[in-house]
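Notes for the one structure printed next.
In this document, chain identifiers A, B, C and D correspond to the written order of the chains, with residue numbering beginning at 1 in each.
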Amino acid sequence: SPEARRFQERVDADIRIEPREWMPEAYRKTLIRQISQHAHSEIVGMLPEGNWITRAPNLERKAILLAKVQDEAGHGLYLYSAAETLGVSREELTRQLVTGEAKYSSIFNYPTLTWADIGVIGWLVDGAAIMNQIPLQRCSYGPYARAMIRVCKEESFHQRQGYASLMVLAKGSAEQKEMLQDALNRWWWPSLMMFGPPDAESVHSAQSARWKIKLFSNDELRQRFVDQTVPQAEYLGITLPDPDLRWNEERGHYDYGKIDWAEFQAVVAGNGPCNRQRMQSVNSAFYDGAWVREAAAAHATKTAERETQ
Amino acid sequence: SPEARRFQERVDADIRIEPREWMPEAYRKTLIRQISQHAHSEIVGMLPEGNWITRAPNLERKAILLAKVQDEAGHGLYLYSAAETLGVSREELTRQLVTGEAKYSSIFNYPTLTWADIGVIGWLVDGAAIMNQIPLQRCSYGPYARAMIRVCKEESFHQRQGYASLMVLAKGSAEQKEMLQDALNRWWWPSLMMFGPPDAESVHSAQSARWKIKLFSNDELRQRFVDQTVPQAEYLGITLPDPDLRWNEERGHYDYGKIDWAEFQAVVAGNGPCNRQRMQSVNSAFYDGAWVREAAAAHATKTAERETQ
Amino acid sequence: MSVVVESLLRLGDNGLILSHRLSEVVGKQPILEEELASANVALDLLGQSRLWLALAGEIEGEGRDADALAFFRDVRAFRNALLVEQPNGDFAFQVARQFFFDAWHHLVLRGLTRVTDHRVRDIATKASKEVAYHVRRSGDWVVRLGDGTDESHQRMQTAVNELWPYVDELFMDDETDVAAHAAGVGVLHAPLKAAWDTLVQDTLAAATLTVPPASKWPQRGGKQGRHGEHLGYVLADLQYLQRAYPGQSW
Amino acid sequence: MSVVVESLLRLGDNGLILSHRLSEVVGKQPILEEELASANVALDLLGQSRLWLALAGEIEGEGRDADALAFFRDVRAFRNALLVEQPNGDFAFQVARQFFFDAWHHLVLRGLTRVTDHRVRDIATKASKEVAYHVRRSGDWVVRLGDGTDESHQRMQTAVNELWPYVDELFMDDETDVAAHAAGVGVLHAPLKAAWDTLVQDTLAAATLTVPPASKWPQRGGKQGRHGEHLGYVLADLQYLQRAYPGQSW
C-alpha cells in the first residue's frame, strides 16, 4: 500500500514515527510487545533488588538502593506510557503481566542471595540492559526512543553505582572478595543470556531490523557486552567463570564459552529458581490491592459528581 | 438440701469430688471458669515465649524453650480435659477464648523484648503460677487436683531452668547483667499482679474457700511469693525494682510497695501492650485453621462410614 | 546519655524505623504511582534519619556515626515511637500509620525550625519541606479510602481504630523532652496536640470516618525504649550484615 | 572442607532449618494436639541437628562446635535442601513439606544405620526411630486433608504441586555424596527414590490426590549452598543474638 511504502521511507530516512501517524499493524503489535516486556521487566526487577533494601549494609547503600528501585518503578511508568501511545491501556498491559501472558526479562527469576548480588546486578544486569537500550535511543518510534534516552541515562548512573560498590568489596576483606566472586559466578551466564537466543535461532529479527526497532543482533550486542565487561572484571581483580574466555586477536573480540541454552529455555518456560515467587508477588500486589484501586476510582467519581452539582 | 449437705461434708473431710458425683451448680460453674481460665492462660502463654524460640541464643536454650512451650500446650490439654469432666465441651471453651468472653492471665499481655525476659518469665511468672497451683493439688475437685500435680511438677522444672539461665546472665558480661536487670524491672510488678486484686476487693473468695477450690487468699500467696523471691534475687545479684521492699522483723515477712492496680485493671480490660496482638494470634489460629478441623472431621466421618459398609 | 543526644535519637529512630517498614513493601504496592510515592517518602525519612543520627553521634562525642547508631544498638536502646514500628498490615493500615505520623512530624519539624540550636534548625528546615508533602499525600489517601467504596471505608476505619492507642505517646512529654526544649534543641509536644487534632478531625470528617474516642490507657514507652515484640525482628534484618561482618567497609 | 564434614552439615542443616520453620508456627496451629505434635517433631529435628553438627565440628577439628556452625555461617555456607527452607504457607503446605521430607529422611536414616562409621550409625539409629513417627504423622495428615473436604483437598493438591519441584534435589547425588558413601559415612540417595515414590504414590492415592508429573527442570542447589531468597531471613532471626553479643555464654 502507499501508506506502507511511505511509512518505510520515513523509517529508512531516520524520521521518527509518532503516535498519530499511520503504521503497519504488525509494527504496532511488535512494539507493544517489546515495550511492555521491557516495562514488565522494570516492575519485576524491583523484587530481587528490593529484597536487600531492609538489609543493606549501611545507610548510604540503603538510600542508594532504595532510590535505584524507585527509579525502576519510574522506568516502568514511562514505558507503560510509551506503550499506551500505541493504543493499549495500562490495565490491559498489567493484566497480561499478572496472568503470565506477557514475559519479563528472565534474569529476574534468579535469587539475590548476598549483598554482593546487588552490586553485580548493577554492574552486569544494568550493563547488559544498557547495551540493549542504547541503540534503541535511535529507534524508529518516537515515544520509545525518547523513553530510552531517559532510561539509559538513569541506568548508566545505576551501573556506575553498582560497580563502585563492587570496588569496595574488591578492596575489602577476604570474605567480601569471596562474596563478590561468588556473586559473579552466579550472575555471569544469566547476564549473557539477557541478550536472547543466538541469532541463528532468533525470530522476528529481520523485520524488526527493517523497522528499526532492533538495530543490532543478539549476538552482536552480547559480544559488545563481553568485550566491555572483561577489562572491568580484570580491574576488580575477579575471574569471569568461563575457562574458554580469551582474547581473539584475529576477530578483535573476546571469545567466550558455550551458553547453556537449555537453562535459558527452562527459566523462560517458568522453571527458574524464582519464577513462581515473582509471579506470586506480582499477583498478590495486584489482587490484594484491587480494593485500593476500586476505592480511588469510586472516590474520583464521587468528587467529579460533587463538582458538577 | 441433703445432697448439698453431704457434698460439703465430703469437702470438709478432704474427700475428693469426682465427675459423676452430685455437686452444686455454682461449684461446677466456678470450677469451669477457674480451670478454663487456667487452660487459656497456658495457650496464650505460648505466644510471648514462642516469640523467642527462633531467636534463642544457642541450640541448647532453643531446645529447652521449645520443650517448655510444648509443655504449656500439654498443660492446656490436661486442663481442658479436667474442665470437660464438668460437662463443658472443648469447642465451647475455645469459643469463649476466641471471642474474648473468657479471660487468660493478664501477664501474657506484656511483650518479651529481650532474651532475658524468657528466663525471668520462667523464674517469676512460672514461680507465681506454681505458688498459686501448689495448694490446688489438694483442692476438692479430683480431676483438677490431679491435673495440678502434673502441671506443678513440670512448672517447677521450668522454673529451675529459667532461674539457671538467669544465673548465666548474672555471671556474664555487663551487657548481659543489664539485660537481666532490665527484664526484672519490667516483669516484677506484673508478676505480683498475677495473684489478683487485694483480698479486700476480691470477690467469690469466701465461697471458693469453703468449697476448697481456693485455699489461700490472693494476698497470702503474694506474700509467700515475695518472701520466696527476695533471697533468689539477692543470690542473682540483682535489685528488685521496689524502694519500699524490706524485711519486717515483726511480721516475719518482707514488706513491699504499693501495686499500681490501675495498670492491672487497664490490662485486664484489654488495654495492655499486647492484648490486641495476643487476641489476633488466637483468632487467626482459630479461624485460619477452621478448614483443617473441618477436614479432619469430614475424613473421620468418611472413614467411619467405610468401616461400617 | 545527654538529653540532647537522646532527643535526636528519637527523631532519627522514627525516620529509620518507618522507612524500614516502607522498604518492606517495595514492589508490593497496589498502584505503580504509589511505588514511586511510597519509596520517595521512605527515602526522605531515611535521609532525615541519617542527619539526625549523625548529629546525635557528633554531639555524643564517643565516635559513633549514624551507621554505628543504626546498626549497633539493640532493641532497648531504640527511641522510636511505638506507632512507627507497627507492622505493615493492609494499605489502609499503612496510610493511617503514615498520616498520624506525618501530621505529628510536620508540626514537630516546624517547631524545630525555630529552636536556638542552628544545626537542629537546619535539618528541620530541610525536612519540614519534605514532610509537608508527606502529610498532604497521606491525608489525601485517608480521604480517598474513607470516602471510596464500602470496603475501603471499613478498612480505613479499622486501621484508624487500631492505631489510635499509639497516638497519645507522640504528645507525651517526659523529662528528656522538657530538658531538650529548655536546651534549645527540642520542642514540647503536648502543645502541638490541638493542631494535630484539628487536622486529623477535619481529614477524618472529609473521609466520612469516625474519630475514635480517647484511649483510656494509651500505649507508650517507645521513646523510652520499651517497644513491642515486632521491633526485634526489624533489627534482625536491618542489622544482619553489619553484625555478621563487623568492622568492614561497604 | 572434607566430604565427611560436608555430608554431616547437610544432615544437620536440614534438621536445623526445618525445625526453625516449625518453631515459627508455635502457638499458631489449628488444633491444640497438633501444637504438641508439631513441637515434638521440631524438637526431634533440632536434637538430631545438634548431634550431626557436633560431629561435623569434631571431625573438622577446627574448634567449631554445633553452636558455632549454626550461628556463625552465612547463607552460602548452609547445606540444607531447598525443600526445608520454603516458608510455612498454610497447614496443607506445612504437611506436604513435612511429608516429602520425612519420607526421604526416614529412608536416608535407615541407610545410615548401616554405614561403617559407628558415630554416624549411632546418631542414625536414634534418629530413625523418631522419624518413623514423623513420617506416619505427616502421611496421615496428607490423607486426612486430601480425603477431607473439597477445600482441604484443593489446598493439599496445591501444596503438593507447589513443592513437587523441590523433591528431585533430595535424590541427586553429587561428588560429595559419592565420596561420603565411599568413606562409609553417607548413603547414595538416588537408589532411595523408588521406595520414596512408592510411599508417596500410595499416600497420595489414599488421599485421592494426583501425583504431579515429573518436574522438567527441578529446583536444586541447596545442598551445595545455592539457596532461595527466604533463607537469609531465617538466618537473620536465628543468628541475631549470637551475632549481636559475640563470644558470650548463655
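Side notes on the structure shown:
Just so it is clear, contacts are C-beta pairs under 8 Å (C-beta built on N, C-alpha and C of every residue); 3 or more make two chains touch, one makes a residue touch a chain.
Please read these numbers as outputs of a predicted model, since none were measured by experiment.
Distance from chain D peaks, on a Cα-centroid basis, for C.
Each chain gets a centre from the mean of its Cα atoms; for chain A and chain B, those two points are 57 Å apart. Remark: chain A and chain C have CA centroids separated by 35 Å (rounded to whole angstrom). Chain geometry summary: the mean Cα position of chain C and that of chain D are 41 Å apart.
Taken residue by residue, chain D touches two or more other chains at 74, 232, 236-237, 240, whereas all remaining positions touch fewer. In chain A, the residues touching two or more other chains are 55. Taken together, the touching pairs give a contact graph of some other shape, not a line, ring, star or complete one. Inter-chain contacts occur between A-C, A-D, B-C, B-D, C-D. Taken together, the chain B residues at the contact with chain D in this complex read 43, 46-47, 50, 53-63, 66-67, 69-70, 73-74, 76-77, 80, 115, 165, 168-169, 171-173, 175-176, 281, 284-286, 288-296, 298-299, 302. Contact residues of chain C toward chain B in the complex are 74-76, 162, 165, 215-217, 219, 221, 226-229, 232, 236.
On chain B, the positions that touch chain C within their shared complex are 48, 51, 55, 111-114, 179, 182, 186, 266-267, 269, 271-274, 276-277. Residues of chain C that touch chain D in their complex: 74, 232-233, 235-237, 239-240, 243-244. Within the complex formed with chain A, the chain C residues making contact are 19-20, 23-24, 26-33, 35-36, 39-40, 42-43, 46-47, 49-50, 53, 66-67, 70-71, 90-91, 143-145, 147-149, 151-152, 155, 237-238, 240-242, 245, 248-250.
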